[in-house]
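We call the chains A, B, C and D, going by the order they appear; numbering starts again at 1 in every chain.
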């Protein structure tokens, strides 16, 4: 039902006897970031072993595939693929044979100048097998004449504009890169291997580390290139022009609540969104209920701040399959009900505050409001734990057309009427920034706020895109 | 991880143009009651159409199968099947050709005298294709010479001892039966069909009605036989010997929280378990967290009663597949972590109350306690929202051997030490009965309690089995 | 394309360390007799292990299934199943629990009085899970009160009318039975096991023995019951009323050419059909070509007798899958061409004799004649190595309605015109019987012929059914 | 069992309303040339639609895939893929995005200078996704700056050395190319489309045309480039340096017998091999039998020349699946017997001539000889319808190491002893060339022979490789 979808997660493990299995677990933990394809590349005896497939991690990888992925180094990727016949071609990690050896790349983000680069490369004779922007990076690297892979990567990065958290695997090193804005998260961790040495791990979210018993070390910084090879770990800034623009939507919706993203607990951020929302838009009511699962922490925060009891007024069914067969007629709003069941015992005769993480097109909210009203609610107050979404994202998120973003075209009152709620309120931009640690909350000084306010990208809420857009 | 498993759900629909699709949706809504096999039988032109398969409802039924299940009447079933080669043979609804026409049966429960009946039937020449108890019922019906199916069923029922909520489908009527104890739930509902007439629906839980937009009418009563045919709906008591012994574990764990079972909201029951637990076993703490998902309502109740904040300290991952590949080593307690991730941001430095619905073998609780402690909790107080489980169930639940029930052999203190908690408390039997509306709560009189205390079966908690056991 | 289909093969192995694997190989060798379902039952520690599935032997059985089928005894079955939702229910061997233990049965043939028996059993309270006739046999056995399985079987057999080659497996013995007519083949063989002892094997065709390195011993005789138990092998006649009526179509089409059936090589029989056909219906021509594969031996015989060169004028493609996608238009007769490609290099400008084993509806023959003519043949003479098929079979063969048998309604000349051949001739009934060793050939005396002519059933050719038909 | 495998077939259709379905049928007809992967690319609205998969044509393509492959132009490919994780990457047709639009390529053959080209391209910055030689061609084309695709192809072809029959599809034209030697076949055909216009088709073998009702027009000539675009069909020689070296093994084994290859019927060639073999190595015997299926035409020729009767002494089973489970022990030579069953009725007591198409390692021949002897043959004379194979192929055939070619290391007598035959003879090189129309047969003059003897490549038999080998 959500139409704002993160497009990828990346993972890497260096110097561990079960490298491919760590990738499997890490990708599994980050499955929410991409459910269309999964892939792992391992490095064994100087050669890449590759397995990629369409579907969930647990479906793409079985024991035989993991056994084939020999080696003490691995990188992995999950993604939403573009539609069309050619989907497997776009699955990552992408692998290519270069003069100096094989290179694999896993990419979370989106290059806004990919089309320009692609045309230029094609004019020079390059051929493209797929349609995704990541393939450009391999071509650019291949055009650098250096024998040293890290040197090549560093030469290429300044040519790229947009969002990129990369994990590369050459036949000699694993290289992790984050763009100068730090749009997408990328975290570094450690784990002991069977020799008692440190194994390095890297992932999009810390929840991957939790599952594999790895210790979180730090973020890969915006503008950083971090690599490990036989001599150990190395870090540099690949650029001096750094303008932090971390994606605030990671906190709003994309990341798992149990991850620490950009140095802050996502669960705590969401609770803070809920608390700020309660402060800004309080209303008398009997219960606060979340739209599960993503609205749960904000609803807990809202309840704590307002003192109105928190209840699970809507139960979510987790057995939904890919090919659910719908009745032709005779059951209303089956698309929502198949996942969400409001319960009369909690809602009947009550004034209800419903908390959701965001509101994109409004159609799902309308159905939820109707279901709650059928369950007997007396009043329904919808509270959205983020500001109105007014613009698409160009930094690695699959967003609807602007024409489909209801808040880009309708007033608050029009939206309220459309979703048939008794009242509707969004979190303010101020509240949003405050909640992610940039504002007045927690006794921080205003000066700090001023300086930090720009450290997040909130382009989908405020239209301020940190990069040129090229199209 | 739970080892106390409900074995089935049943469904029926009469006089609806999308009867098989309603069964599909109804079974989908009750998928939690049985995930090993699914089956639907429809009645078309006086003949049964059958499709059964191993797996989830959404995997067993696709568009072609549903299209083949023509007709305005259907019954359906989901179950846990026994192990072994022969599993599909035991899938329900079971279908058989009798002299007077085809009969299909869907059964939730367990006949405690099935082996005795089976031997007697075999001595008379009957053959058995599967190993389940339900096949006996078909044989007994076939041995009745009556032309009238309902008469035959009524003759057979007094021979059966144990738990049974049946839905039968002959070529002329749909028949719903509940045993004299009412062990398993069975509810009746209504929905308008394309002619504007009433379509009758029957299901194990009301959540099935919510999904198909049906109205809940009432429970099929213990000892009742309810049937619909061309002339309409009919109801009788098939026995005068009725001793209510409804399964309290339906409220503790089996049923969906958004169902109304035995006339009471499961969600509210669980919250009440949590509230009673807080009253009985309060402890100073910073947060109350549930073991998700089943412990959530009790934790909300505990939090409400105690005033200690409710938090989601453990995040559950819902992508778990059937064939998750485990690392050979190097990751501890992966079996639990693959589903549950305790989050440091919520737990670190805190005194934590962990609420779970029940505690069977203790091994999972031990792992959860360890994970919470690794996440930095200062104190861990485990609170179980039901009494100690001391005996197996013979009424349609797959339970471990008594030797595996930790509470059957160890003291409270021994269990606490085993699971490595700082304190451990169970809900009392009194609290349990009170919470399900049989006790002191809500201003009810003690007299009422006395009379009603026996209306629930709590054999797994108190060892009082309402029927002879025969083995 | 052939519409005259054998319905089953049976197999059994006693006292061999790889009993289930021998069944797998034996069924694989007899795959041509049934491609819809396959099943094996083994006996391990007094209990049956069962695996059945829809599809080819190599698809139904993989290593895990074979590993589960432990034990030194096995029986197996392949079949064409009837259409409908319930198909797996009818797959064999059928297995049932009787008072004295489990029984499995594999059946090749058809009971002509099955419906009568079924009704009688149902009136006594029996229930039927599937629709096939074999289930009756299990019921009848169960109604016998004897402790001794062989005694029970012998009591039941006289109640059965029709075609049956049975292999039973109880928990103590393997029992092989052939009906009084010997309609379907059943052969006995031997093989050394890992102890150096004799392992008994039984199969529908000797080609199964060739694959497993077993020695052919003899046929199970019409009216014989043969069984092996701990004490060894035993044989009796279960009836004194024996009237040999072996199915001549086994030689015409069903059996593999490399099998010895009813004591005679099928390949040699077919060559003899071809030779007799050449004697009876010689015609001047340049080449003799078979419709592959079934027409090959007869064409070789025809060529040998006539002196006209044998050529492969039609090439058969063996890659045909189950779900071949046909073009909507634009390619004529794709259904035939997908399998058969006449080659211009052999046929162009030639007078061609085309030999096929039988002609059922004529539509395929028409298409083949057209294709040969398009390939440039000057004259096309169709020669059918069996008589006109004028009646359906009731003894275990899936045959079209009589209305679809072209020879039941049209004259030779009409058929010739329909298939667009320049001439058409069938083998005579006399020629047929002669070729299978019952006639004038090879200097046999006419007296012998007279006596033996009735030893074959040729009801599909001459309408003389050896049993009452009951419907 | 054969270890000499053709690696590909190609197909193309231009201007037909069911272009993708024609490709499907054409590839199906040529399935024997590659069973590991299949792919089709269609051209619709100026864009390529692609579907490729591992497996047989009938498994890779179902109705939904064919429906997606819209357009009036298609090209297709079947292949044996190399082993390893990356197999789908190497499936053809390969598709790439070039500056001037998309290009797809299907290749039958092998470029002997691919590694050299690859290194050079990588040094210029090219990246390679797969490991096959075909990808080089796309890169070379992309490096040509011409706007005209045919011009680009013509510029690239002189850089390629080795065997190539290409079918290209750009967004404007279909281009067919054959190398200067004509190693691999490529034939041109025509078919009327729904407008009554000519649709052009191209395929590796004429059997593809037979299935789709297309008319054979002619071979694409060695050194020819043939293309069709909106203006019609065009043909040129892309080189003046033409040295015919057509692969004689196409006639010996690869091609289907019902194809016309290099202008001659394969079936007739094989019969001629058999006739020459009989002339050269006659021996007194009772029967001539083929090793089916590939030895059949040669055996027919041998029988015709020698007057010794032709019989099917070995029956082939066509149900072999991909994952046949073998017994652990207890059955000898199961690998051969699973496919081939010698029949005692034909062989017992006979002097037998066994004709096979070729003999590579000798192990299979040994097993066949043993099986025939077990079936009772008195004498066994093996006749091979081609010369001893002494060298590997570098022109698109998957051949064993030279060390595994028995004839490269052992004398005729040693081989005879190894395979345990009573006598062994190969066809002579003279006989081989004569049979394919280059020799003394059919009254041709010796002069003609002299000139033409070099028109075939028989490097695997005589070690004379027509190109430099580069490695």
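The rule is simple: a residue touches a chain if its C-beta (ideal position, glycine included) is under 8 Å from a C-beta of that chain, and two chains touch if they have at least 3 such contacts.
Only a predicted model underlies this, so the values are computations on that prediction, with no experimental measurement involved.
S.K.: Which chains contact both subunit A and subunit B?
M.R.: Touching subunit A and subunit B alike: no chains returned.
S.K.: Under the over-half criterion for shared residue numbers, do copies subunit A and subunit D use the same patch or different patches to meet?
M.R.: Here the answer is same, because the shared fraction of interface numbers exceeds one half.
S.K.: Among all chains, whose Cα centre is located farthest from the one for subunit B?
M.R.: D
S.K.: List the centre-to-centre spacing of subunit A and subunit D in whole Å, with centres computed as mean CA coordinates.
M.R.: 50
S.K.: State, to the nearest whole Å, the distance from the C-alpha centre of subunit C to the C-alpha centre of subunit D.
M.R.: 37
S.K.: Report the inter-centroid distance (CA atoms only) between subunit A and subunit C in whole Å.
M.R.: 62
S.K.: Which subunit C residues touch at least two other chains?
M.R.: None at all.
S.K.: When you draw the chains as points and link the ones that touch, which shape shows up: line, ring, star, complete, or other?
M.R.: ring
S.K.: Could you run through all the chain pairs that touch each other?
M.R.: Touching chain pairs, listed by label, are A-B, A-D, B-C, C-D.
S.K.: Which subunit D residues qualify as touching subunit A in the complex?
M.R.: 49-51, 68, 85-86, 88, 94-99, 103, 118-119, 122-129, 131, 138-139, 142-144
S.K.: Show me the residue ranges of subunit D that touch subunit C in the complex, using the header's touch definition.
M.R.: 16-18, 21-22, 24-25, 28-29, 31-32, 56-59, 61-63, 66, 191, 193-194, 207, 210-213, 256-258, 260, 265, 267-268, 296-297, 300, 304, 309-312, 315, 317-325, 327-332, 334, 337-338, 341-346
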